[in-house]
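Chain naming follows the written order as A, B and C, and within any one chain the residues start at number 1.
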């Protein structure tokens, strides 16, 4: 197999890798905020249940969670949709896992906000919702951006875990070529792909940070 | 007509009484200063009055409208909607300014009047620019809080409170977070407001300022009003031992 | 006339639709990293001895073959869940529970060999004692040599049994001298020797003999029977052996040809 053939074959999987990446971000970022709010809820039951879920999601390997999401419902209820729709199972597992991490980042950001910001908004008559959306959240976003960047870069690399469900994303194809051709070249190609993707992520995130650097 | 009326306000923190039976009335155009050592409860009183802290017992009324009423010694708060309306009666200037750092000076001042009070944009901007001019910050409307000195930030926060057209203003140690050379500009702004007969309650450590600007001075210690009255009398000739002790530290 | 034509057209379409709906798709689950049995060919399509045999079987049965690469670690779960109809990829059937699955006849002996490099001083199985031996995790060599396996006693003589995610890495380590030998299926071993050259050789005597077969869900015994029958036709017509030669497999292992 020529180098170009390898790259072409692996590029076919790149679309799937990107699908995992973007869909996971699309769902886990808002879900993470929801989870963070549930975690900080005054309702003791809600907050401790959420806290336990976060603990499990962060405390077990994503690989296990992938298997649990795809095959758990099948063994328990004979439900085969997640087995047949691999991408769906992967997006559910990835989104839950990343939402747990994002939730803790959001929580850290929200809890680091000085109470004075809430009080100033309160006295001016802002509702809870207005305070959160207009005063707190924009500042939280700026504060948490570096940590979010870290997670997003990790996510790029974690997409390769989809091989657990035999989903033919870029790295799984690379491994197959490597073993068929007894060549390490596919791993080099995979490394280059991941590095380029992360360069793009780093570039976009630094643009975001710059866009928010107009205030301190 | 009195604007603010606090009756028999009580407040505990973890079983420790920080306010016991405080009553206070503020008339229109009156300037009241509250002095006292730290931990005396003066800031807590201010926070109860501005609804940032809930009181355990007592009553609170603005312009005759009840925010808190006393029911068998327990404080009962008015409905959410009523409190929202009552909150428009007063403004509060914080010790640490608490400007919104992600908003420009102009947006800090104009957002609440437009968003909360649904006032006309052109009118709000005109009001805001007039206030900035009065505060000597006409050329800084596009600046962000971090680009301003502490004194300038505090002036913006006073403008922010005034833009809501409140019936009265509270000041919570407005100069305590400032470098000594910057306190003068804030005190001057408050003096100007007093000259315009703005109703104000000021918690402060500036004794000379309190004496000069206010109509009435309260000395608080240990959660009670120890002594109150005419500023000259309280600050120059206090009658209570605790007041004398406290004031001696400032001379 | 036009109406008649239209009616005929509609019927034809309906027939075509029916025909395609009745077409049986046979999903074969493979480990796509297991040459020469199942792997990705130079053209990027899955190929190998098992893949091509399956294609011939499907041809006979009039089925459409679909190759499904699976995760070898979760192969039985994936089979249970219906992701594919069978596991057909150098699968050692000795370790599969016949009570729980429908298993085909064995189509190949699978001798387990010790492959080593010139200069290792390993000439017989006894020489492996104290040496570092690599295997691919979860392969029959691994299962046999590990505690509870049929060749566990032999495995216990090793200095260390090193488990790799795939044989590619094991061979790199063998070349680099990090391990002394690799325990491996004979078919894969011959493929590797053909690829890497004369410096590599197998110890003549296998340390275990296993059998390759095809695994179906328990309920699919009928399908298993159909595949077996078609497979036997390929044994009869010689495809069985000619394909093995094409993929460099040791024809001595082709137990159905005997």
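Please note the rule applied: a contact is a pair of C-beta atoms (placed from the backbone, for glycine too) under 8 Å apart; a residue touches a chain by one contact, two chains touch by 3 or more.
Fair warning: this is a prediction, and the values are worked out from it, not measured in the lab.
S.K.: Among the other chains, which touch chain A and chain C together?
M.R.: In this structure, no chain contacts chain C and also chain A.
S.K.: Would you mind checking which chain's mean C-alpha position lies nearest the centre of all protein C-alpha atoms?
M.R.: A
S.K.: Where the centres are mean C-alpha positions, what is the separation of chain A from chain C, in Å?
M.R.: Chain centres of chain A and chain C, defined by C-alpha means, are spaced 36 Å apart.
S.K.: Which integer distance in Å separates the CA centroid of chain B from that of chain C?
M.R.: Chain centroid spacing, chain B to chain C, equals 81 Å.
S.K.: Can you compute the centre-to-centre distance for chain A and chain B, using the mean CA position of each chain? Integer Å is fine.
M.R.: Their C-alpha centroids are separated by 46 Å.
S.K.: Counting only residues that touch at least two other chains, what does the list for chain B look like?
M.R.: Answer for chain B, listing residues that touch two or more other chains: there are none.
S.K.: With touch defined as at the start, can you tell me which chain C residues reach chain A in the complex?
M.R.: 32-35, 39-44, 68-71, 73-74, 77-78, 80-83, 166-168, 171-172, 192, 195-196
S.K.: In the complex of these two chains, what residues of chain A are touching chain C?
M.R.: Residues 1, 5, 8-9, 12, 67, 70-71, 74-75, 80, 83-84, 163-166, 168, 172-173, 175-182, 184 of chain A touch chain C in their complex.
S.K.: Tell me, which parts of chain A touch chain B in their complex?
M.R.: Per the stated touch rule, the residues are 114, 116-117, 119-126, 130, 134-135, 138-139, 142, 214-216.
S.K.: Of all residues in chain B, which touch chain A in the complex?
M.R.: Against chain A, the touching part of chain B is residues 50-52, 84, 87-88, 90-92, 94, 96, 98-102, 111-112, 115-117, 144-146, 157, 160, 164.
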